[in-house]
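Dropping the structures in below, format is structure tokens.
Two complexes follow with chain A in common, the first pairing it with chain B and the second with chain C.
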Partner chain A sequence: MTGLYIHSASAFIGKAHADEKLLKEELRKYTPDNFRRVNRFILLALIGARQCIHDHSIAGDTAVYLTTEYGNLSNTVTVLDEIYTAHSLPKPFSFINTMSNTAAFYLAQNLGIRGRSLTVSSQNLSFQRGIDLLMTDWSACSVTSALIGGVDVSSLSEAGGDDRNARGWQMVDGSGWFYVRTERKGACGVFRENRSFQDGATCRKWIRDRKEPFEDLVAFGPSIGEKEAAEWRTALPTTDEFDYLGQYGYCGSAAACGIGMFVKRFRGRSLLHIDRNQLGNYAVIEVEVF
Partner chain B sequence: MKGSVDQRLKTDLKRLIVEECDLTIDTDEIGDDDLLFGSDSRLGLDSIDALQISIAVQNKYGQLITDSKQLRKVMRSINTFADFIQPE
Partner chain C sequence: MKKGAFVTGKAMICSIGETPKEIVEAVRDQRIRMAHLSFPLAGLPYTRPYYLIMRNEEDRPENRSDGYFSKILFSTAAAAVNEAELSDDELKETHLFFGSTSMDVPVFEGNHRKTSASVSEIFLRSSNGYGKIASAVMERLGIRGCNYTFTTACTSSANAFLYAASMIGQGRIERALVIGYDLFNNLGFYGFEGLKSIAVTTYRPFDRHRDGLILGEACGAVVLEGRNRVASDFRFLGGANLCDIYSVTSHDEEGTTVAETMNRALARAGIDPGAIRAIKAHATGTENNDRTECAAMRLTFGKNLPPVTCVKPFIGHTVGACGVCELILFTESLKAGFIPSTPGFRDKDEECNLTPLMENEETGEGVFMLNYFGFGGNCTTLILSNKRGEE
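Presenting the complex of A and B:
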């Protein structure tokens, strides 16, 4: 048990390439503040986190852990083009926003919180690594409440003409967030497990040998291919599956969005989320919704 | 023609400022002599805005402002800005 009690969760799924004005309108539902100099990535972070803490008052020392697969990718490409292709100076707003932690800064500023803030990216398992870091701070008692989320803008580089990628998933903008505290009172769920494994065999052995066998829903992350998912289905004690990628679409932070959607939709259920990176390391998150 | 009497240039500059600084006002709301920067200014632009505008001006009009004192003087208002772009 991680002791990460979920007090609120959100999952904002946006249409790829939607007008940023629409995102600003969406954000105005949650805060009257006017945001200048922000880009799509920052807007998504603000919308998701604001949706998450909408009905909650949060502690002033709440920390922010923003996880992302690609960060401000479009901004970074623009800035690199300006420097290396056009041989001109990059525009300051674009340059500043290439730093992914700018989004965490805007978030902390808007919410009036002064806890630590960091941005984490780790190929294919960014959200899981963010939880790792949060648990480290948790165990050192340096953080007692936190907002942790995954944010990514849709990337259409691998998409076909209908905004779907090679596996048929709709490419979307995604921002999934969780407000977590050490207290169980008032919580709507808990991250029961967050474990990393060297390889799939070790991961399967751990699941098989658990004292409390898992018998509820399972979800496979984006890096688990169809063939491997089929193998997992035969190895796991449950075949009930939450196919969030098929239902809501794919972005670099699909795991955070999918788990956020699960917490919102499935009261009284548990989810075992399995994913891997390209090196073959596995990560398992188990979430229980009260 | 001096920039401060060229209405088209001044409208273009106002549009450039609104777009580059991501402002949510109409260009008509910016007076030709309104202060653009500082706490006394309704727009409340700051140094990062100034840098953003100066690069946009360099790209559009080929005018480079390198000195910060000159920058403050040039960008005091739309009229001073227009005279810098188009001195005569």
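Presenting the complex of A and C:
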């Protein structure tokens, strides 16, 4: 049990390569602030998190955990172009925004919160590792309310000409966020588990040996291939599947977006989310929506 | 019960040496090695100083291939693991905490030198996300634990250290390898020049005539464990991280959030400000940052400010790597019996009202504060101790 009570969740899914003006229009629905020196990644972070917070009042010492696979890479390409192609020094704010933690900063500034601020990544399991770090602060009581989210621009490394990746998933911009607190009162759900395993066998054993499996839906993260997903389906008592990748598309932060979408859509139900990284480490998240 | 987290192994390469022993000797003798690099891609008619790793021809920036960066990274990580004498089984159960600002940009630039393909073409081919480098270290060393890549600008590897130590303290993990890694790249060098942040000749933190930071490159790695291997191993007592929302590039000059970070770290460590033997300041040498940091130290320590040292004039501002690299330089100097001086400091700035150590100061055991700040409002403070008998 993590004690991470979800008080609100969001999943903003945007069309790949959509005009940034449209993103700014979307953001204006949630905040009157004008953001001039920001890029697509920062806009996505702001939209997802502001959608999540919506009309909740938020404590001043709320922490921000921004997880991402690729961060501000598109901005980095722009700055490299300024140096290598335009043969000039980078524009100051273009350079500063290559540092992806600026997105967490603009979010904290916009919300007026001064808690911890982290931007973290972990190949294929960024969101899960972000929860690990949040749990560390949670246990130490140094954080009692937090915004944790996953943000990625439609993946640079995988985008094909038709905006679909090799698995056929629509490439999208994604920003999925959760406002979590220690209090259960007023919560709409809870992260019941966030567990890591060195390999698939240990993960399967843990799932099999649980005394009270409760979830009624399963979701597979982007790194679980078709063949492996089929094996899981036969091994798990639960067969109902939430195919968020097929329904909403793929980005580096698909797991955060998919789980955010689940919390918004599936009241009274629970989800087992399974994913892995390229080294064969597995991670399981269990979410219950009240 | 809260466990300790001890630094049981370390390794580092930077402009003044490729082992902690070499680096400490250079620090003791104030031996500094600085290169002067030009901006050929932008056609600028001047150079700026840079603390470059320069052992042989292979180290020249124009000769560096993508393999060069992996070699430095893997060999530093392996040396830290060797010093901690980790068995294969222990290594397998280790977790990796990686902090960097440039990530794989140097690799991209290494590839770019070899081809005429467009920037975006090569970058898309070179980069597979921030977590890729940590995964490569895991694969190379046979580590099977979890890996965490921190990208919080200049506090990246300080935060990596903070979370690794906290997880060990809580008994969540037994052992961690923490890496700070930032090697020369044009993006950073040209980027900071674009901000007009680079000093023209000399690194002078807190000095009245300071005129900016001087970048440097380094890779440092430490092994953290729940028990010490030798009595002199440094122990992490506590730390804190907060976000100053004053500005994306600078902190509130009153130093309120920076001081709050220091105070929270002291509270986590369970000690009073008076217990701090010395402070390693972040001290970038920029106008605003130094003034803010001094104001924050005054807020925290009042009139009883312990000795303050700035180690960037030895190795440069190694951006995301500075958390781990300055920690190694500082703690290894303390182990050798001295608090390092601050080369370059000459004239006191009345606004800062602080004179850092100008000569090495002999010291024994003690509790020490290490401060780090960065773009995006990041503030991180670590408290470490080498007092014996408290483990």
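The rule is short, and it goes like this: the second predicted complex is superposed on the first by the 278 of 290 C-alpha atoms of A that agree within 3 Å, B and C clash if a C-alpha of one lies under 4 Å from a C-alpha of the other, contacts with A are read in each partner's own complex, and residues count from 1 in each chain.
One rule holds in what follows: a residue touches a chain if its C-beta (ideal position, glycine included) is under 8 Å from a C-beta of that chain, and two chains touch if they have at least 3 such contacts.
Please read all numbers here as calculations on a predicted model, not as lab measurements.
Novice: Is A:210 touching the first partner chain B, the second partner chain C, both, or neither of them?
Specialist: neither
Novice: Can A:98 be said to touch chain B (first), chain C (second), both, or neither?
Specialist: In the superposition, A:98 contacts chain C only.
Novice: Which partner chains sit in contact with A:54 here, chain B, chain C, both or neither? Use first/second/both/neither.
Specialist: neither
Novice: Quick check on the superposed pair: does A:133 touch chain B, chain C, both, or neither? Answer first, second, both or neither.
Specialist: Touch status of A:133: second partner only.
Novice: Looking at A:81 after the superposition, I want to know if it touches chain B, chain C, both of them or none. Which is it: first, second, both, neither?
Specialist: A:81 sits against chain C, while chain B stays out of touch.
Novice: With both complexes superposed on chain A, which partner does A:121 reach: first (chain B), second (chain C), both or neither?
Specialist: Second partner only.
Novice: Using the superposition described at the top, determine whether chain B or chain C touches more residues of chain A.
Specialist: Looking at chain B versus chain C, the one contacting more residues of chain A is C.
Novice: Would you check which partner chain A:34 touches, where first means chain B only, second means chain C only, and both and neither mean what they say?
Specialist: first
Novice: Chain A residues touched by both chain B and chain C?
Specialist: Touching chain B in the first complex and chain C in the second, residues 88-89, 91-92, 96 of chain A appear in both lists.
Novice: Would you pull the chain B residues touching chain A in the complex into a rising list?
Specialist: My answer: residues 20-24, 48, 51-52, 55-56, 58-59.
Novice: Which residues of chain A touch chain B in their complex?
Specialist: On the chain A side, the touching residues are 34, 36-38, 88-89, 91-93, 96.
Novice: Report the residues of chain C in contact with chain A in the complex, numbered from low to high.
Specialist: Interface residues on chain C, with respect to chain A: 39, 41-44, 101, 105, 108, 112, 118-120, 123-124, 127-132, 134-135, 138-139, 144-153, 159, 163, 166-167, 170, 172, 186-187, 190-195, 240-245, 248-249, 257, 264, 268, 374-378.
Novice: Which part of chain A faces chain C closely enough to touch in the complex?
Specialist: Residues 64, 68-71, 73, 76-77, 79-81, 83-85, 87-92, 95-96, 98-102, 104-106, 108-109, 112-126, 129, 132-133, 136-137, 139-140, 142, 156-157, 196, 198, 252, 277-279, 281 of chain A touch chain C in their complex.
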